[in-house]
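Scroll down for the structure; my scribbles are underneath it.
For reference, chains read A, B, C and D in written order, and residue numbers begin at 1 within each chain.
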């Protein structure tokens, strides 16, 4: 008996296009799924570029205008992998025509957009997902299980940093991620969005208030000259203003009484993808570092004092979240598996095998509220309660 | 223009079947290849089992008798992923009909078989590959580059252990890997083969002589009862003799004057896949641990004394071996990528884009010689020169 | 020829009494000093207690009133190792009688006290030292050398946490460190003082403005009943209010354009003495962790991309700061050696062999200004410029 | 009441002289001892050198001939910290005059000497101690406690390496440690002696048989010219033959059925003092590394599978061995504290407060038997049973 097919249209074909496309291919191979994802159509504005990706990754067709896939009745799931500025428009349009939607993070450019998106998916009762992929790193899923079981006791502290260093060269060009009109913000929306989401996911509490600061270390960068690409140190004088942050740091109070620090930066030399989180509770501590994503450190205060210590759990056992679909113990998985596991969950949800799904657009909105509150706090140099911007 | 297709027949469909199958699917997506691998036929003795895998992983057809694929003119590459006892028979037969061959490690049950295999591929001038997949962990490839550049200076020491713990429960059953007639040896052929191969690969030298010891800690295990599966602690009295080693340790002298220690064991509690290698030279040291396979530690004695230290290189940069095909810096890859990268190299070699390939059947034979010499040494309790068994 | 003796009077005989006393004994043994520190008098209010310590550690005499040692003309150096509330009174009195002073950190209860102390030592031209002992951890000294040499380039970020967990049990009693009138503040003065001092020491810049938050997780604790000691979970109902912080977190802007986060807490389960600092600059990164105080991690961006990584420098070489006096490479030192090395520097300074000394009372005042600015910020929920409290 | 004094005579005043001298000073300060060690006499052949050390470290007197201290009735404990070749002569003479003896490791040049030493201390019924100081690293003591409690279950494997790199420069001179007539052997007696002793101490079993190999990488080195010091690369042509090993590796079988590998080398670049030990049992694993001597890693297989991992125990709690005498949790100790703790145990034993002491001369003899068996094995290229040399 052939499985029901889920025809996917993926808008965007670059970095996220690869990550998502690979996930649709791999998920039904590593896992037994109730429905079969089909790489139906990939969309990109550059015809040559998108055609090449379609060919290499096995998409059945491609388009240069995303509106075409919304018109196509065959499409079941619209995957929004574009820069942030078009998330709302595409998602709302997709909702209006009844498509399920998987949207990249951050959900929107601001709370207003995010609210409109939530409204649209609710009104049209369409399935909606946000690609907060790190929720499905097995170590993160395990961390949540341990917290849910009360292994940390009462939570006191969370400290989260997301450290990168890929734009530290002053001659690194003014790519879309450094332009406010396309990206919304800099490291903040890109990286703090992950940290905020993981904090909500792991602690099962909402942010109460925040106080932050933003910094742009390099204020001008080479801009693209049509037909000649980005200026480089040698060829070009032409520079444009960087109007997003390079780093945003903030303090937070949570609804459950815990307190936290957050930092997103692209100026931490040597930290390539340093998403690091530590949570301290009355009974224990958990530590995660994305650069060693197969590991979770756990300090358990209920063990006898003389043998307490930070336990490096290699999260590659069949009993660990998602691992049964992959490899034997000690055979590590990588970055891409967070996407594969998310596709597994999406397909199970679309098929009705599971009732709940996280993260959805509501989660995306909650995250957006915190992002906006932090930016307001940075601007007005004061503590901002989340409900001020909600 | 459509690319030339390479039709693959994969013999074996369990653990290695998954690892190889996934690699044929992923390689042409992550990398631009000159030829297109096609998942043509998968072979397994259990029709129901192999059919299910063929369906899930997208093989065009399946067979229950490997001889059928040798008869099939469409097949270009025969991938031997069966237990060790059938490597020689299948590979030699495939060579006789002119197929390219990719054989799992260890190449053979003993030197005699390995020699016959080398002879067959040479006589028939067929491409031949051995799945020593860890050669293509980017950190290992980088280690070899650094050694080739002379960064370690004169090599003095290599110490290599491959530590696992999956059979420590005395009720773990007598699977094929614990039966001499199928596996040839225990941890020795399975794990020391990797270490021996990596030593040869990294040091570019041959073993001169070895002195070893073997140990079987658990001497009897539950055996399979037809139709009822393996005996468990509760159901069954029936036990069979374990006639392979649980651990083999040996000392070695290399042709270049370096000395080394090797240890393969399945009785190192907590070490899930602990393939650990350290190499000391006059100018530096390298350290690798498969459980953190994205990292390579490098001590460089040419730096000023006050700032010398073990440098943890996160081997995820575009300049690192194979990484340009995968993800951005800091986004780690996993176990399966060692197979994907090997398929990339196989396809480039089959297409003539590259002239050299490692590891081939000659490498497999060299490794087998060392394996046999160690077993002879264990038996006769003395140093054995490799040339005694070659 | 006998060396000039420096007669030391140590006020306080418990934890710091041990640390300081040991340092005076060990410094002239490990190092060749121009003058000889003599353990002249130790002072404590409990006669029995101080007598026992004097006997065990070899002090020539003891007193129960610190004023007596100020009257004693033999005393050259007054070491103030008492709780914070008496630092100012003792230090000022000692200055007035012309004694050199080594005062524990934080220097004072507030800026006003600290200013008076600075004024007193200046007026009386007495040598003055503050026991910011971690400046002399060899790894910290090395870090400063590397920063001074420009190895980090322009500094962008500093993130510093000092994590402990020794008061997390709600039945842990209301010791002096948890009483505002004696300690001034909680984790803030005790731990953030170290971080603030190290930031100033390492970056050679001053704080510009700060924004913080304070939290007291356990608001009541068992109090001492005269003659019966502290109440325990079983014996006593009597509880007192905790009027200091358990944790203080803050954001900071530095004069040189760098930004930072700071966190001091006694509620980070499993972190026994987790003084952790990371500094990111345009050319590199440094990481320090007091629990592994013999190590410094250094990321050097000037190395070729393919071999960059975090280098774990074992700071135990003769070329490293202070190490020539201790043991051969790889033979680690411990917590107490930070005090021994400080005594070495004090003796060299008292003898005129060196002209400069850090940290002095001016440094203590600078640190106090930041401490006070943070507390004001916590209270008024706003950014506070250091000059507001200076 | 004044405590009974134990007058110590220390033979040897260089590296070990410092380590031992410091221990006699510090032990009665950190710990409450039943007797008081007194630094009575230090002995060295170079009058100027020994006088300077005596003065700096506070010895009451010095001698240039060790025989003089044996004649001195005041001396209670003779501490033999000389090169290996004189251990036997001095110790036996000390025993004959009824002195307690603390002898550096390895106990002797060979089994014959060691036997004579054991005979002498037994005949004269004198207390006898061997400075296997690493037994008293708190992490090692804790490891033994855990093993004694059965926490590792049945022991399968021990792998121990002691890696150093201080003589890798070919121009490093021919010091006494590289001369057979003084040192007996090279890395073997110096470093493998520690590993052999720790294996016996931790596993509480004896070695059964061994098979080893020795290697001297640099066969000639600059020699000392009377009055001009060691030749250096520039000044001197004069070289002498290195007649000891640079590295000795061996396999071992223990009486309890466990197997092990051992390696001592001075040619492991970057490993300054890399005494690393791993022990695998049916229920768990322990890992120790001297360069991080305050830590012990413990894998406990009795925990639920999903939370198993290597636990980094920071061995600085008051409940940990010896720590109550030093500092609070997280405040690490260093190399010298292994000697201090040994003096504590010696004094308690001399005072009769404890009945047992390890390691004594019998332990030293057992270690010597293994050392000799390994050297015989290296020479004859075969397995050697310990009883062949005992």
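The definition used in the following text is that a residue touches a chain if its C-beta (ideal position, glycine included) is under 8 Å from a C-beta of that chain, and two chains touch if they have at least 3 such contacts.
Everything numeric in this text was worked out from a predicted model, so none of it was measured.
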Chain whose average C-alpha position is farthest from subunit A's own: D
Interface with more contacting C-beta pairs, comparing B-C to C-D: C-D
Cα-centroid distance, subunit A relative to subunit C, in whole angstrom: 41
Centre-of-Cα separation between subunit C and subunit B, whole angstrom: 54
Where subunit C and subunit D are represented by their mean Cα positions, the distance between them in whole Å: 36
Numbers and ranges of subunit C residues touching at least 2 other chains: 271, 308-310, 314, 317
Partner subunit A, residues of subunit B touching it in the complex: 15, 19, 21-22, 25-26, 28-30, 32, 56-58, 164, 166, 271-274, 290-294, 314, 316-317, 326-337
Touch list for subunit D against partner subunit B, complex: 152, 156-157, 159, 161, 163, 165, 168, 211-213, 215, 217, 247, 249-251, 253, 257, 259, 261, 263, 265, 267-271, 278, 280-285, 299, 301, 308-310, 381-383
Interfacial residue positions of subunit B with respect to subunit C in the complex: 142, 145-146, 296-298, 300, 305-314, 317, 319-320
